[in-house]
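There are two complexes below, and they share chain A, which is joined by chain B in the first and by chain C in the second.
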Partner chain A sequence: MASSFKTRAKLEKNYFGYIFIAPFFITYLIFQLTPLINTIRYSLTNAKAWYMDPNQNFDFVGLDQFKAVLEDKFFKEAYYNTPVMWIMGFIPQILIALLLASWFTNEKIRVKGQGFFKVVFYMPNIMTAATIGILFLAFIRSNGFIHNICVSIGYVKDERYAINSEWFGRGIVAFINFWMWYGQTMIVLIAGIMGINPSFFEAASIDGASGWQSFWKITMPLVKPILLYSLVTSLIGGWQMFDVPNMFAEGDNHAAFSRDVTTLVMYIKKLAYTGQFQVGKACAASVLLFATTAVCSLILFYIMGDHSEAKAKRLEKKRAKQAAMEGGDY
Partner chain B sequence: MANYGQAGQGMKGGYHARILAVKILVYIVCILLTVMALMPFVIMVFNASKSRFEINAARLDWAPDIKNSLAVSLLPSKHFIENAKYLLKDGVLHLPFLTGFRNSFLIAAGATLLQVYFSALTAYGFAIYNFKLNKPLYGFIMAIQMIPSQVTIISFIEMMYKWGLTNSFIPLIVPAIAAPSTVFFLRQYMSSALSKEMVEAGRIDGASEFGIFNRLVLPILMPGIATMAIFAMVTAWNNYLLPSILLDDLDKQTVPQLVAKLNGNKYSTEFGAIYFGLTLSAAPLVVFYLLLSKYIIAGVALGGVKE
Partner chain C sequence: MNKLKRVLCGTLALAMAASMMAACGGDDSSSSGSGNSGDNSGSNGDKKTVKVYTFTEETQTMLDIFKKDEANKAIVDKYDFDIVLEATASNYIQKVASALSSDADAPDLFLADADYAQQFAAYENTASLADLGITLNESDYYTYVLDFTSVDGVRKGVSHQAAAGAVLYRRDIAEEVLGSGEPEEVQKAMSDWTKFEETAGKMVDKGYYMISGIDELKRCFMNNRDGAWVQDGKYYCDTATVTQYLELTKRLADSKATNYVDKTQWTPNWYNGMNGTSNVFCYFGCTWYLHYTIKPNCVLTKTGEADKDGNPQAAEADYVDGNGTFGKWGLIPGPAGYFWGGTWWFGSKQAVSRGTSEAVAAVISYFCVNDASMEAYMKQTGDFPSKKTVAAKLTSDTNSSTYKFLAGQDHYVLLKDAADKINVKTCSQYDDTFNTALDDATVAFVGGTSLEDVLQDIEDAAASAGFTVE
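Moving on, here comes the complex of A and B:
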């Protein structure tokens, strides 16, 4: 009797689960799922922006918008600029982060002031990207800090000339990305390395392994899932790059190289809300951006995911998580 | 690393010397990176207190000006106040930064409160109640985590236009209720911080289901919620893309939008005022960061280890 009563009570209470998760799903349905479906729907039409055409008289045009986007040279440029700038920033980002993480976790080096360095290296990440973009734009203008260096080393002939090199432009965007993100990657990697069972390193050391060997044979394989995580999140974020390059390209005083730093999201925004307000075409470009992001992530998971060792890694990650939780004393 | 690796195999006498050499290298790199991280902000603050002429003087000769600008005191000088006036009151720029701060704060605070409360509620629903669709719906949340919001932004904005929600904060606050990665984090956090026995004990005491969540569970989850709140706040404060399209009225605009305007004016050769505006926009975040850096760094480490 008692036990069946308890079960019934539990069943009734379990109904509350739906009530508790309902706000999330209702909000998701309205503000995220509907726009996602509408993006695909609009991508098959010649829709204009709502305030240009409030009656929304648009026609179904099949895959014409996709064809138009793929033939658009501005799309091709953006589709080239975006990953190029991401890669140029990500390679130094992951290398410096790995180097610093291996130094900071090395028992023999015992770097002092790690707390200070972490706080300083992470700081650019928290700042408003718009502020960072405008700040660096001011630096490369014809009286700015970086421009003056370029003049003094002879990269720019005359102080009156603006820097007008496409690779300088992409380089500075990539540098800002690197500068904003290497601290974050470093902290994540340190947490991962600290989570590795110290007895692995002890055993390797007893067996005569050098620091270099134990880095490649123990640290690297065990932080691989974290590296994959950093890689995938950075790649997804990289394809959506907007704020910083947009600051270089928008406004009356935009940089001379603004076209060379135009990213896909900048292209999409321009299509929909300037010129001919082509929402349909912008949505087609959005669908292509989404597909690209998804395909890139899947490829990375496929290449980097090692399924035979998945179980061991999961254990390690669990341990890393616990270590990180204990580390973050509140 | 390379040096250190070879040291292990090298002769014993050279071992300590090698370690010392690596140590010196490590500190040199760290100090260089520190300079790299702080330099742009230092120049920004220095230039904010200089007049247009002082900044332009740098054109003629770069090297001496670095000395000059380092000599410039960080105390608010005459030009600092001038630049402030130019930016906020008299000048052509005339950007309502104080209203901007209020708008950004209202949006960030509103979005953060909704995001952490409803994410905790959702995570709790999945953690405690054993309903039929628990696993598939949670799997759905895990899957949608990866969808970037930028890909749906155009049709989201179209929807807001149709609903007449331009120049309203609602599109920037209410969607925060559905934040998949926050739900995921708090669900993970609950598996270590919360036990079903606690909830049972609350039920025996006759508390309602919502009462248990609000009065018993929320306080226990506070450390995890606070971590998520910090990041939600910063993300909402820094958001530029959506407000830049939705908020037209100057009085409704957020700090990042006003910052972007520091480039948008043809007559803005008042570089001192531009740097002042940038400093003004950075100041609250710097203070926020320095006060909470311990929790922020711990939070970054936590967030990264998640799957």
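Moving on, here comes the complex of A and C:
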């Protein structure tokens, strides 16, 4: 009796579990996997948007679209701009976030009003990128306050001139990304550091370790997985950067440096929605973006990952080999 | 209790799954649903529904005028008009394009701005005027109005307005710098680009700016090229005209004749030149620009209701001399003819098969074909008609704020001739792509990049957008 009850309960649990996870898989299948496969399929064709070509008479052209993309000067520019702007924003972002996170978690300093500061630092992330983009566009336009500063320090010839410098443009985009995301990274890192057993820090301080030493020897190695997580998510987000730079490049009065902040996704959008509406070429560019992101993530995982298991395996193999050689000697 | 929990759990899971499925199936069910409504669109009493897609609020006003007219009673009794408004151009284009390809969802009547009217005309399911049963006397129209949306000689759309371009200038500045503020005299000083540049030099000497930004002359020059950017899928550049445009703009920017060395159209800096905050001598505008853009922005005190963004708008009572630059403007043809924008009306092939083409034809004819109703609408709004026969009859109402804005100049007199000079051979449905490329090129060239490089950039942009470059 008792055993039959047990099996029944177990069966039902499994059954409900599948139903609960089903929506995700169904959604994923329809809205993510199908488009993904279709993107790859279309990247091998010369398809155009169907309102340019209502009957969808397209041919498979092999890798021609990839060739066209790789030869496109604007693709090369975008492929350069995107990671450059990401790196320019990410380095200060992770440094400031680490610094703030270690301050906020430091038992010795005990920062007052932590909650307030956390909210303030996180705030820019709540605003939409479009809002921030428009705000900064107004700042840098002639008569905007950043423009006025540039004029008064002589960076811009006189007040009639627009700010037209590629590095200024990339810097602004990088700054916005940094400013929007350092709070978020900080919160994630705080969670990571809080997860470290406090007795490590205690023991270290009893042994006379300085704050600097315990940061490098205890905090850093132990938040490495969290750092890796931040790095990978930010890297993927970085390659797909779109909303902020797009605000500088779209519309009747886009910024003078719009071309220098064009990212890959903006380039893809331009291919698919303007000119000849080249869906095939846009898909080829998307596939290249996907491949780039995948390769970058894998490299990061390899560099930052935990190799102790692999090391142990190698060591074991070596030992086994040695043992075998010794055996052979005999 | 346990059972209840289990039941609740199960229901919840099913509900989640079901809602998921419902969402996924959304596309199919909705299209088949409206498919029915499309087939028997007469289900609303005895009335059939005419689906209207538009990008402008003006359409609602126009349809109200149509309905009020007793002469249209027969149509109004038989049909209901269902308006779908989408103001963002890219969204609107996609919406119309996708709806047109389906028999069920297609609009019966749809409108287009000049930027994409040619694209709409090219769609297979856009009916010709003859299909819709609209007959018109072509010679009555300004030629560009019908030519613009003709595909292989088939007339597909028609507009109620002609958007002839002109130059608006400040009379007070002209009087100080050129000695006279009268249109005839000012036109003499700006009749071609050489004279335009000379006048610009005089403006700079007296501390005025000739134009607002480096994108001001774009439309005027681009309408005067010897061919469109794209011809039979191939890229074509009228290098001479483009070079002339770029070099003139650079010279004006370098000699401080432009208020800003930046694109200023539709920015606060542009409007500041209109209301006199900065002293800009002239603007390149057109028929609708007169009432829609420069008049409401030339006044400094605005007491009207705020728009949806919270910016105060000018009320009729604000249009008095002394408020901003009101009453100080004049209108002249300028150095070259051009046009800017306009609204075109189309019917779909589906309207013909559904039997609603009668109503579509009636509305289009009311505003775009019949002289009397077209004239009445133009008088009401101050807009400029697409028919020469109507334009000949119109004169400015001396009590209107537009008349006072131009210090007593009748804008119809001038625009009548200007509309005749419009050349649409320079337009293609891909102009959007090239306007952006040209803007980028202008910024780069003014900033010191060589002419060769910027022309190469435009060519590369064409190649990137999928056009054959030879």
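Points to keep in mind about this one:
Here is the rule we go by: the second predicted complex is superposed on the first by the 287 of 330 C-alpha atoms of A that agree within 3 Å, B and C clash if a C-alpha of one lies under 4 Å from a C-alpha of the other, contacts with A are read in each partner's own complex, and residues count from 1 in each chain.
Assume a contact is a pair of C-beta atoms (placed from the backbone, for glycine too) under 8 Å apart; a residue touches a chain by one contact, two chains touch by 3 or more.
Quick caveat, the model's predicted, so the values are computed rather than measured.
Once the two complexes are overlaid through chain A, chain B and chain C clash, as defined at the top of the document.
Look at A:286: by the touch rule set out above, it reaches chain B but stays clear of chain C. In the superposed pair of complexes, A:203 makes contact with neither chain B nor chain C. Judged by the touch definition given at the top, the superposed model places A:27 against both chain B and chain C. In the superposed model, A:123 lies in contact with chain B only, and not with chain C. Of the two partner chains placed around the shared chain by superposition, chain B is the only one that A:139 touches, whereas chain C remains out of contact.
Of the two partner chains placed by the overlay, only chain B lies in contact with A:111; chain C stays clear of it. Looking at the superposed arrangement, the partner reaching more residues of chain A, out of chain B and chain C, is B.
After overlaying the two complexes on the shared chain, residue contacts for A:188 are found with chain B alone; chain C is out of touch. Of the two partner chains placed by the overlay, only chain C lies in contact with A:274; chain B stays clear of it.
Of the two partner chains placed by superposition, A:87 touches none, neither chain B nor chain C.
Where the contact sets of chain A with chain B and with chain C meet, they give residues 16, 19-20, 23, 27, 50-51, 142-143, 252-254, 273. Chain C makes touch with chain A in their complex at residues 6, 9-10, 13-14, 16-17, 20-21, 24, 90, 93-94, 97-98, 100-101, 123-124, 256, 258-269, 430, 432-433, 436, 439-440, 443, 447, 460-467. Within the complex, the chain A residues that touch chain B are 10, 13-21, 23-25, 27-28, 31-32, 34-36, 38-39, 41-42, 49-51, 96, 99-100, 102-103, 106, 108-109, 111, 113, 115, 117-124, 126-139, 142-143, 145, 148-149, 151-152, 159, 179, 183-184, 187-192, 195, 209-213, 215, 225-226, 229-230, 236-237, 239-240, 242-243, 246-247, 250-254, 265, 268-269, 272-273, 279, 282-283, 286-287, 289-290, 293-294, 297, 317, 320-322, 324-325, 327-330. Within the complex formed with chain C, the residues of chain A that make contact are 12, 16, 19-20, 22-23, 26-27, 30, 48, 50-51, 54, 72-75, 141-143, 160-162, 164, 252-254, 256, 258-259, 270-271, 273-278, 281.
Residues 1-2, 4-9, 19, 22-23, 26-27, 29-30, 33-34, 36-38, 40, 43-44, 47, 55-56, 58-60, 62-63, 65, 118-119, 121-122, 124-126, 128-131, 133-134, 137, 141, 144, 146-159, 161-162, 171, 174-175, 177-178, 183, 188, 192, 203, 209, 213, 223, 226-227, 234, 237-238, 240-241, 245, 255-257, 259-266, 268, 271, 274-275, 278, 281-282, 285-286, 288-289, 293, 295-307 of chain B are the ones touching chain A in the complex.
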